[in-house]
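Take a look at the structure set out below.
In this document, chain identifiers A, B, C, D, E and F correspond to the written order of the chains, with residue numbering beginning at 1 in each.
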Amino acid sequence: MYQLGIVRRHIQRAEREAVDRLAQFGSATVHEAMGRVGLMKPYIRPIYGGAHLAGTAVTVLLHPGDNWMMHVAAEQIREGDVVVAAVTADCTDGFFGDLLATSFRAQGALGLVIDAGVRDVKDLTAMGFPVWSKAISAKGTIKATLGSVNVSVVCAGAMVHPGDVIVADDDGVVVVPAALASQTADAAAAREANEAGKRARLAAGVLGLDMYQMRETLAKAGLKYID
Amino acid sequence: MYQLGIVRRHIQRAEREAVDRLAQFGSATVHEAMGRVGLMKPYIRPIYGGAHLAGTAVTVLLHPGDNWMMHVAAEQIREGDVVVAAVTADCTDGFFGDLLATSFRAQGALGLVIDAGVRDVKDLTAMGFPVWSKAISAKGTIKATLGSVNVSVVCAGAMVHPGDVIVADDDGVVVVPAALASQTADAAAAREANEAGKRARLAAGVLGLDMYQMRETLAKAGLKYID
Amino acid sequence: MYQLGIVRRHIQRAEREAVDRLAQFGSATVHEAMGRVGLMKPYIRPIYGGAHLAGTAVTVLLHPGDNWMMHVAAEQIREGDVVVAAVTADCTDGFFGDLLATSFRAQGALGLVIDAGVRDVKDLTAMGFPVWSKAISAKGTIKATLGSVNVSVVCAGAMVHPGDVIVADDDGVVVVPAALASQTADAAAAREANEAGKRARLAAGVLGLDMYQMRETLAKAGLKYID
Amino acid sequence: MYQLGIVRRHIQRAEREAVDRLAQFGSATVHEAMGRVGLMKPYIRPIYGGAHLAGTAVTVLLHPGDNWMMHVAAEQIREGDVVVAAVTADCTDGFFGDLLATSFRAQGALGLVIDAGVRDVKDLTAMGFPVWSKAISAKGTIKATLGSVNVSVVCAGAMVHPGDVIVADDDGVVVVPAALASQTADAAAAREANEAGKRARLAAGVLGLDMYQMRETLAKAGLKYID
Amino acid sequence: MYQLGIVRRHIQRAEREAVDRLAQFGSATVHEAMGRVGLMKPYIRPIYGGAHLAGTAVTVLLHPGDNWMMHVAAEQIREGDVVVAAVTADCTDGFFGDLLATSFRAQGALGLVIDAGVRDVKDLTAMGFPVWSKAISAKGTIKATLGSVNVSVVCAGAMVHPGDVIVADDDGVVVVPAALASQTADAAAAREANEAGKRARLAAGVLGLDMYQMRETLAKAGLKYID
Amino acid sequence: MYQLGIVRRHIQRAEREAVDRLAQFGSATVHEAMGRVGLMKPYIRPIYGGAHLAGTAVTVLLHPGDNWMMHVAAEQIREGDVVVAAVTADCTDGFFGDLLATSFRAQGALGLVIDAGVRDVKDLTAMGFPVWSKAISAKGTIKATLGSVNVSVVCAGAMVHPGDVIVADDDGVVVVPAALASQTADAAAAREANEAGKRARLAAGVLGLDMYQMRETLAKAGLKYID
């Protein structure tokens, strides 16, 4: 359970080597490698196209309309982290803009994933600071109520524990538990190795029906061809 | 992290005595007693008005359009449990109807909370089997893919661990971690004790401005009265 | 394809006997009997609980904010029909109220399904005139643009041809093509006959796992029990 | 424009006599009498069916998750008022429950319209205190930031000036500017007088096509009947 | 009505010449030429800007979370086809990625329209394989349940029959029934011819009020100018 | 209150000098300078990235699916205006395309903000005519019902009076009342002056916690650091 008013200073981050390996794969491949769990809801979208990162999660729990804990989170960022911000109730306010991005980057953050809104998207794009968010909104926030930093949170429907690996690109955001990072990278690599050959065959006109040997199973399931 | 293809047979349920005490309070009071965390998103609504329960969570992780694990979950239900069903992606299909309700009740379940759809609502209402769901849909489901039972899940934006206390009524559904059940019941009782006196004074025409002594704080914050 | 400015006066309604048999089943049973197709999206909800009907569709194609064709449709209603109203674009306006309900009923209509809003819900409820709609809205409509009556329409995601059977209750609205009405009624009856025995066994505590003999399949699929 | 940190103590309420006359009509009739403007969006729904009121607006402008100004508003309520609460950004939190309802009623309020969430709906229903809201949520709010009372607000897409008449029922919520209250009541009465005769004729089987003399206009517009 | 478990091998495609002529017009022009029917709902959006196509529909009916039939559909694609994928219930999963795109293109497909999600959008963009979808999601799908290929489907609120013409661009997706393709192309051409002159006059400062001679009609309708 | 069938020819526009100063700031800065009021809901999005404008509002009140008044509005545009279009009920139709954009630009308009849909987005982008809208839709509109021009409207949740300043960019759309334009520009300038220094310090690694001296307040609020 998450708790309020707490900052955990020491978290167990996934091993750098596994994170770096995961960084070579897209979110779709990693999600498959995870057995199709751990994906944030697809309403979380990148503010600009083409961004792709893998990093370790520093989590923040915010209240609607209040970004106070983002500043507390900044101090907990280490090189290679991704900040993952959850909110206790639905909110589209702009919790984050170019000043916080400047600060997060200076502390070593690779990007931000936030289940709420952000602003200054033109500046963030110019900076190349990638953000995946639920909304874009010029509306700022206050600093009045305590949330927490580095507790387990639910962000866009996915559980995130501090130190988990976040893999994000144009297709979405996947969470890989720190303990599963290495084996997930292995599975992703195996999956990807497998795909190049398939792509070539499909491009040459071979049908998936034949390549995956689906015809018999389909017939058994009762598929009927009508002329 | 949740995992697929797993059924945990022994879970640590919150203590019955604490659950029974929590059952005396509404979800709003319990949510306040928790410090305003643990509430499911308000799109989860009761299928009929007036239901109110507190029970221990048996969790189920389902795939969209597939209710196979509901049958697996039935066997893990103990007297006083509430089944909490999460889905790996948004889905409004009717995963649950009067047959499953009959089975769940026979095993001791008090009700169901599901981040998806249900059907047979007329029968469920006649049975008095309370359900909180995201949707009502006549669409049935298949039985093809493994999910899990009694793993930690995210249901309607809230983290639920097996054995946690679920308090649900017309206002929504709150999750109380098993370890916090007793202290939350204490806090809820203290809060409620406090409210009766306030209600009487407000009914007599005393203003909250005076009863809560807000006038000075408001003036300091800069509130201006204009004639 | 639907066309505008057309009223088809003679339509092939499903046979009364098949409609009457379908009226004995809920929308969930009929949807299963159809092989899980033909259901309207679950955002279509009854304006009051407990209504249940089966009738033949008179279809209307409306424009947003314009209910002119409802009056044209009234003349095409025969005893036992259900009016199914589609709109060429999303709209929540109140296209229908107590006056039109009075007229529709006088012409023999059993109810209305509309992919838009209705109003006068208190009166409609008092009249016992059942409506399934997307919204409730006091906003009235104009009479300026031609739509059509008794053409094929898409209503809440389902294709409806004039004369099809509409089965609607608290769980939703199912469309049964006229030509399939009789065989769907047979399948529904078979399905329902099957359920009473199951319900009794489940109520007696037999698990679905055993009753449906799922244990072996689940084990083969890899389900693991952990203590 | 609305402004923050302001409480207007003296507002020009619509004349009681006009309000009382408007109270005899449903929101749909009043909305038509207004020329089809002034309706709140249909996502605003009553928390229980059958409520119907007309009263003068005391307006409140709130911030997301902060109900401080509700207590400030309580003091400005006069007999026959309806509190209309707007929020500066989308929020579903429960800003209002049975304690505030007790206070509002003691000050003379007839009900509440709020573009956000409320809680304690079972108690509010038992009290018979009508509320039209966007959501129901057990989540409470803080008291930290100034909003305003009795300034012009946008509530659920409708402009509301303090003192305007609010007519609300099962079909929705309409805002009648104070200056137009009397003439709107006249127009509503004229409209309603007109309806009884129509209803009787429609019930007797007369078609709207004939009663409203639409056939010629439809033919001119190009409507074609096909056999 | 659509049916499950069926693949129609021979469909009547719209004539190539008409399709080619339709390809010269945007979806807005074609939609007007159709008399303002046949448009998919605007939640269907291109995954990258600037794509524009006209092709003949090969339809697929899928189940939520199951893309098995996409492989069956691949075999039915002919040069110049557009695959149109419908789902039996709302789903945002990623049913389609770069492997299927490679296969579809090898078979002659111009693009995909899908009432669900897709993934590998960076690769699809690099390939220049245009897709119009409801969502982007890294979540993959299973292959377990039969749908159909080349049956009539409802995709994003529009009826699509196999062989119909699909015109898609940045403004949306329009469906032109095969039998109406030629006359719709004529109407579109007439409409477009008409627009160039209008554009020049408007650019020169002529008002639409004068160019379309609206002043008198507006005055008759009661428009009042106030100084 | 807005009224129908009215065109106000003479409106009090905000002073050009204040508008020009506001044009130097982003919507987020202006919104903060306004005290966090006046923002349209974040569902209003630019049809292409990077646009930024500040201009005076010419308002239009439309009915769903009817763009007649857009032509009436064109005549009221003066150099430097932004057209702000509201609709009496939710609608995503494409009320505006390249012909109207050509006309609006010829009359001096800088851009359009519309609480509905637009089409011809490829042409609008090529023209560099900026539009902020709720939707993109190929669906056209009719010209049948009177709305109004230059009355007060509610657009995307914000009140807009004719002559108010509209500041719009990638972050959203803010409305500054004409009378507050100059002082808001002052406040925005003061705010911006303040930010450059902060950005440099944050970039150098200074934490917001220290720069804003938050540590003591956080500790007082009860924040606890855990190792």
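What we mean here is this: a residue touches a chain if its C-beta (ideal position, glycine included) is under 8 Å from a C-beta of that chain, and two chains touch if they have at least 3 such contacts.
On a predicted model such as this, the values are computed, not experimentally measured, just so you know.
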| item | value |
| --- | --- |
| Chain hops separating chain D from chain B, counting only touching neighbours | 1 |
| Common touching chains of chain E and chain C | B, F |
| Contact-graph separation of chain B and chain E, given in steps at minimum | 1 |
| Selected interface, A-E versus D-F, where C-beta contact pairs are more numerous | A-E |
| Pair from B-E, C-D or C-E with over half of its contact pairs in common with B-D | C-D |
| Distance between the centres, which are taken as Cα means, of chain C and chain B, whole angstrom | 31 |
| Distance between the centres, which are taken as Cα means, of chain F and chain B, whole angstrom | 41 |
| Between chain F and chain C, distance of the C-alpha-averaged centres to the nearest whole Å | 42 |
| Multi-partner residues of chain A (each touching 2 or more other chains) | 36, 39, 88-90, 92, 137, 139, 145 |
| Pairwise touch network: line, ring, star, complete, or other | other |
| Chains touching one another, given as label pairs in label order | A-B, A-D, A-E, A-F, B-C, B-D, B-E, C-D, C-E, C-F, D-F, E-F |
| For the chain B and chain A complex, residues of the former touching the latter | 1-4, 35-39, 41, 88-90, 152, 154, 157-159, 161, 177, 180 |
| Chain D-touching residues of chain C, taken from the complex the two chains share | 5-10, 68, 70-72, 74-75, 92, 94, 97-100, 102-103, 105-107, 117, 119-122, 125, 135-140, 143, 145-146 |
| Interface residues, chain A side, partner chain D - complex | 63-66, 88-93, 137, 139, 142, 144-145 |
| Contact footprint of chain B on chain C as seen in their complex | 26-28, 30-32, 36, 39, 42, 45, 49-50, 52, 169-172, 174, 195, 198-199, 202-205, 207-209, 212, 214, 218, 221-227 |
